[in-house]
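So that you can tell them apart, the chains are marked A, B, C and D in the order they are listed, and the count of residues begins at 1 in each.
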Amino acid sequence: MSGNSIGVIFRVTTWGESHGKAVGVVVDGCPPNIALTESDMQKDLDRRKPGQLISASPRREEDLVEILSGTFEGRTTGTPISLIIKNRDVDSSAYEELREIFRPGHGDVTYYEKYGIRDHRGGGRASARETVARVAAGAIAKKVISCEDIEAIAYTKELGGIAAERISLEDIHRNSLECPDPKAAQAMAEKLEEARKNGDSLGGIVEILVTGCPPGLGEPVFDKIDADLAKALMSIGTVKGVEIGTGFGVATMTGSECNDPITSEGFSTNHAGGTLAGITNGDDIVIRVACKPIPSIEKTQKTIDVGGKPAKVSIKGRHDVSVIPRIIPVCEAMVSMVLADHLLRQRANLVGRGRTLR
Amino acid sequence: MSGNSIGVIFRVTTWGESHGKAVGVVVDGCPPNIALTESDMQKDLDRRKPGQLISASPRREEDLVEILSGTFEGRTTGTPISLIIKNRDVDSSAYEELREIFRPGHGDVTYYEKYGIRDHRGGGRASARETVARVAAGAIAKKVISCEDIEAIAYTKELGGIAAERISLEDIHRNSLECPDPKAAQAMAEKLEEARKNGDSLGGIVEILVTGCPPGLGEPVFDKIDADLAKALMSIGTVKGVEIGTGFGVATMTGSECNDPITSEGFSTNHAGGTLAGITNGDDIVIRVACKPIPSIEKTQKTIDVGGKPAKVSIKGRHDVSVIPRIIPVCEAMVSMVLADHLLRQRANLVGRGRTLR
Amino acid sequence: MSGNSIGVIFRVTTWGESHGKAVGVVVDGCPPNIALTESDMQKDLDRRKPGQLISASPRREEDLVEILSGTFEGRTTGTPISLIIKNRDVDSSAYEELREIFRPGHGDVTYYEKYGIRDHRGGGRASARETVARVAAGAIAKKVISCEDIEAIAYTKELGGIAAERISLEDIHRNSLECPDPKAAQAMAEKLEEARKNGDSLGGIVEILVTGCPPGLGEPVFDKIDADLAKALMSIGTVKGVEIGTGFGVATMTGSECNDPITSEGFSTNHAGGTLAGITNGDDIVIRVACKPIPSIEKTQKTIDVGGKPAKVSIKGRHDVSVIPRIIPVCEAMVSMVLADHLLRQRANLVGRGRTLR
Amino acid sequence: MSGNSIGVIFRVTTWGESHGKAVGVVVDGCPPNIALTESDMQKDLDRRKPGQLISASPRREEDLVEILSGTFEGRTTGTPISLIIKNRDVDSSAYEELREIFRPGHGDVTYYEKYGIRDHRGGGRASARETVARVAAGAIAKKVISCEDIEAIAYTKELGGIAAERISLEDIHRNSLECPDPKAAQAMAEKLEEARKNGDSLGGIVEILVTGCPPGLGEPVFDKIDADLAKALMSIGTVKGVEIGTGFGVATMTGSECNDPITSEGFSTNHAGGTLAGITNGDDIVIRVACKPIPSIEKTQKTIDVGGKPAKVSIKGRHDVSVIPRIIPVCEAMVSMVLADHLLRQRANLVGRGRTLR
């Protein structure tokens, strides 16, 4: 229980169900005197908003965030920042027929096993709607890390088996899939449309790139920067794998290939992905996450009901064909939160290189 | 700072440096009345011990664990269990020439950046020697989860590019590489010998299988069971990627392929790897971690010294050619700790399925 | 930073400023399947509400609580419970003249020192208005502990130097001061009226009695039940002292007087106040807290402005003459939260007396 | 469970039983580059050591502390500092007759209720011997806060009903009772001797004075500096009450008496005890704790055995007559730990007064 918070100093607690009154988040530990208004968060919320793509969920939500506390005259005060995003376009009727049915690939069955009670409407707490709160909190984290010129940028690396061959950062926001390879983006869009027609869904890979990160962030041996990033990203419902730097590619390398040579100008390569022994090394942090296909599909699936009897289900509701691209700002948010937390944790150090205390 | 603890209820804190007097661990939150003696831990410590393989580090350590507190007449009392493993075969002379040199692929440079001070002897706190303490604590975690018939078994899935084609659990302890495919084990051993001759090292993949896990473990939305497993495993220095169930394979699947159909007898497939929405579903948990090649190699590498000047380094010390198989009990330990913690956390629930409170 | 949460398993996070849009709280870790509606909380909120007494603040707040998440069809689901209480009767104009003035006895000066920014309106985050959120969360905690027949009752023990001579629990809610001694209550009311006329305020003592608590709650050595109770109560702005059982009275006792003899029927006396070595002993828990006089008084006081220059201040706003009786439900709330948390923590124990694990 | 740690950034975990092999502590989160050797801790350990007074326990322990990790060439490295103090003079035979008997005023009965198992030898984990580890960790905390010229000094304020009338800091270490009033010290010593002859014990009050503390420490609303101090001090087994500043004295004051007027030179009075709204105000912090008489007395007491049958007990072992003065360095240690933790937490703030971020 009480697993709805993340971070030690920059501490984020989300709440809310898909078909409840609202979702929201409390950000505790944000430093004071940072300029913050709703518009700082709205941009990322709009990226995550449903209905952006033809292949996306037709649920319409304005997703307008409201700051309820923690700022005064447009600046943070150091007190908890409470954010609320109301659920407006809630239509639970489509879920009425799912009241007794467990949907495959969803948390319906495990929530019921764990808590002995279920909110069948739209996935309840397990719904991807919960990530709205993460994106809002992530926007605050982005402001904190931007004070040190750190930035986390995520993009579509692979979708439906089609990989981005090149990474052109300026192209990311030129296509609705937030793919850094415009040509691949085109092929991905076709794949999505095909899957939509089939009543099916697609998986993919998101890559997150962190630039400007100073060396020294991360707290060995358990709160390593890569360990905390892995947890934060794996806590997104859709994610089934996380790798940093060369990731699973290291399994087939030798030490002489994998070690990044150190020069006076920095590292010659970046197989490490910006971290050594759990501490940032000043190089870019590069992470990839595997996203499973959205489990809500129109295709008929085998399942059981709450009584354990066999049943069939075809989910017609309002669903995306892929979590990509809407998951991308969520990935940025989670990475930014971890970095904000570790930036503040490292500041608690009394001394740094070259400095000596009596 | 203060990143050397893991777990909320079953809480593990490790301490110690490679060439210090000892390494150790405090396990707080272990339930009382569990039979526990040093011999319960020694078996796993022996598996992790150096010098087991021809290709392994020639450092000789008995790695005898001593219980300093927390038990009475052979049973846990519910108070903190303090364990110590002395460092006996410490020879820092080999490191004297590394006093001013940063080793590529190691934490030397990042520890120095972070803390402004360095213990150059054998990697200090960043050494793999720290994992001795994890294995000792993990043995206690194993006893806790065995009370519910949960077991975590790890084995070599891939080494130097050679993959185990079949998983025969009974074969794991019949070869020194703890590989469930004896034929693959033979080829792996040859690869290791070849790398050793080249003064190089090899990466690989370890798979961890959890059997007997009841449904309901894991605390959404951040302390999901897969999120906490990912953190625990990524906190092992060598690990660069973690995937659960089908893992990165989901990226190229459709929803109709990836969803595990639910039947009255359970799930027909296990792409989910035993977890849905961050809560165990009663199926086996299956996780894989990518291990990088050991960075300490005899081959000459480019680096810099503490003053930032270019240098060359060839590491002759006493090092393994691969973290496999010695990392295997470490993986089991980390997974067992997470499960023990979540087992106890779930017990804090007042009610379960079908039970009702006024 | 990030000090706005309390509890390990039953975890409460409050947010909100006196003159912001609302105050609220997220309760994470409440067990599922507990009946809960707004009316469960409203009773205690009404007790804490301003304007109940002639001598109380004339600020009018309905203090209507709204459940935003965490329940389904009138029962808790095990997910975070988000509660909001809107600030309706906010009139910051009275504070305009205090924009540049630090009020003695208030957190104005320390908040400014700490955060470098201040919300001068009504005390901002440091306002007693924050305790609304505590009372709401406390009502949930009361439901949790009532599952085990534990109850926390607080009352006025002393006010303005007048002490309750007898403790008649049934009389508590028969007078507006929630005093268990009706005669003393009358004298207290006169003292209050006198202080109000003088433009001054009064301090007092609240006693909290916990009945029905089973033995075994509390986690030595730091999270002792009395240690966590002391923290929870001292975290109320007005509290300057906490004592348990005979409290400061033990300083003048001998061991033979102070030790509670143990008999087959329980303890003969209760100097310990229901706790031994930080663990409840099954007896009533008895705690007293010292409440300082409300610092906002009409009498002219010496102070300085934000520039450090001498100033005078007479606070006319809308203020109580004493925190008693409105602080009483806050004390009950804090004690109930600690007990709920420790009740759930103790449940994480696999075994109890007489039970043995292999 | 897992209640043996305290602090968020400067985190202390103690372990060990009275008659086990050793007691010890892990300090995680100590900043790097602070000079630290065993001798820094030994002075306070010697103050806490048994056998210093005629009226003190005749148990002889050298209490030599050994640093096992976390320093390199005499300086902290930022990694966990593990300290061990071996139990040498352990004689459990005196406790053999207590194997089945619960001692009044001790944790025997509650530990047994909680854990279902007991270590009857010398109080096990509940023994005051555990405080050795606190004193060792506190000595490190003292070094951390001394970097900012903060110092915590404790002394005997009252013993056996005799109060120190004057506070002369230079006199504290001139008498074995660490009393700042030499005349009172003399009378206290006589009281102690009288109680010893009666086979009884005495309670008292310790006052802790913190000088040099900057404003701004403490994290509202729950981790207030006074709340964390109250918890830390109440976690000492002997403590039954904690008050700050004027403490329980505020109950009979008016607001105009209790508010500390603010002037350009600081506060005119210090009823607040150095904290406003949970944040230090730059003034001295003044705290008092009530210590109960030692429960182990020779006088015959009524009790029960583990089977619940009436019994009598006279405890002859080796016990002090009062926890004073040995508890004094323990109080200093707990206060220093809290301050060290909050000092580091406040450093995590990006900005302070007058500074602005974009």
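By our rule, a contact is a pair of C-beta atoms (placed from the backbone, for glycine too) under 8 Å apart; a residue touches a chain by one contact, two chains touch by 3 or more.
Bear in mind that the values here come from a model prediction, so they are computed numbers and not experimental data.
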Shortest chain-hopping distance from chain B out to chain D: 1
Longest centre-to-centre distance from chain D, chain (CA-based): A
CA centroid of chain B to CA centroid of chain C, Å: 45
Between chain B and chain A, distance of the C-alpha-averaged centres to the nearest whole Å: 26
Chain B: positions in contact with at least two other chains: 1-5, 8-9, 14, 29, 31-33, 78-79, 114-116, 125, 220, 344-345, 348-349, 351, 355
List of chain D residues in touch with chain B within their complex: 1-5, 7-11, 13-17, 20-24, 26, 28-33, 66, 68-70, 72, 75, 77-82, 84, 114-119, 124-125, 344
In the complex, chain B residues that touch chain A: 1-6, 14, 102, 104-107, 109-116, 125-126, 130, 158, 160-161, 195, 198, 200-205, 215-224, 226-235, 237, 240-264, 268, 271-273, 275-282, 290-297, 299, 301-304, 308-310, 345-346, 348-349, 351-355
Interface residues, chain A side, partner chain D - complex: 8-9, 29, 31-35, 78-79, 144, 147, 220, 344-345, 347-351, 355-358
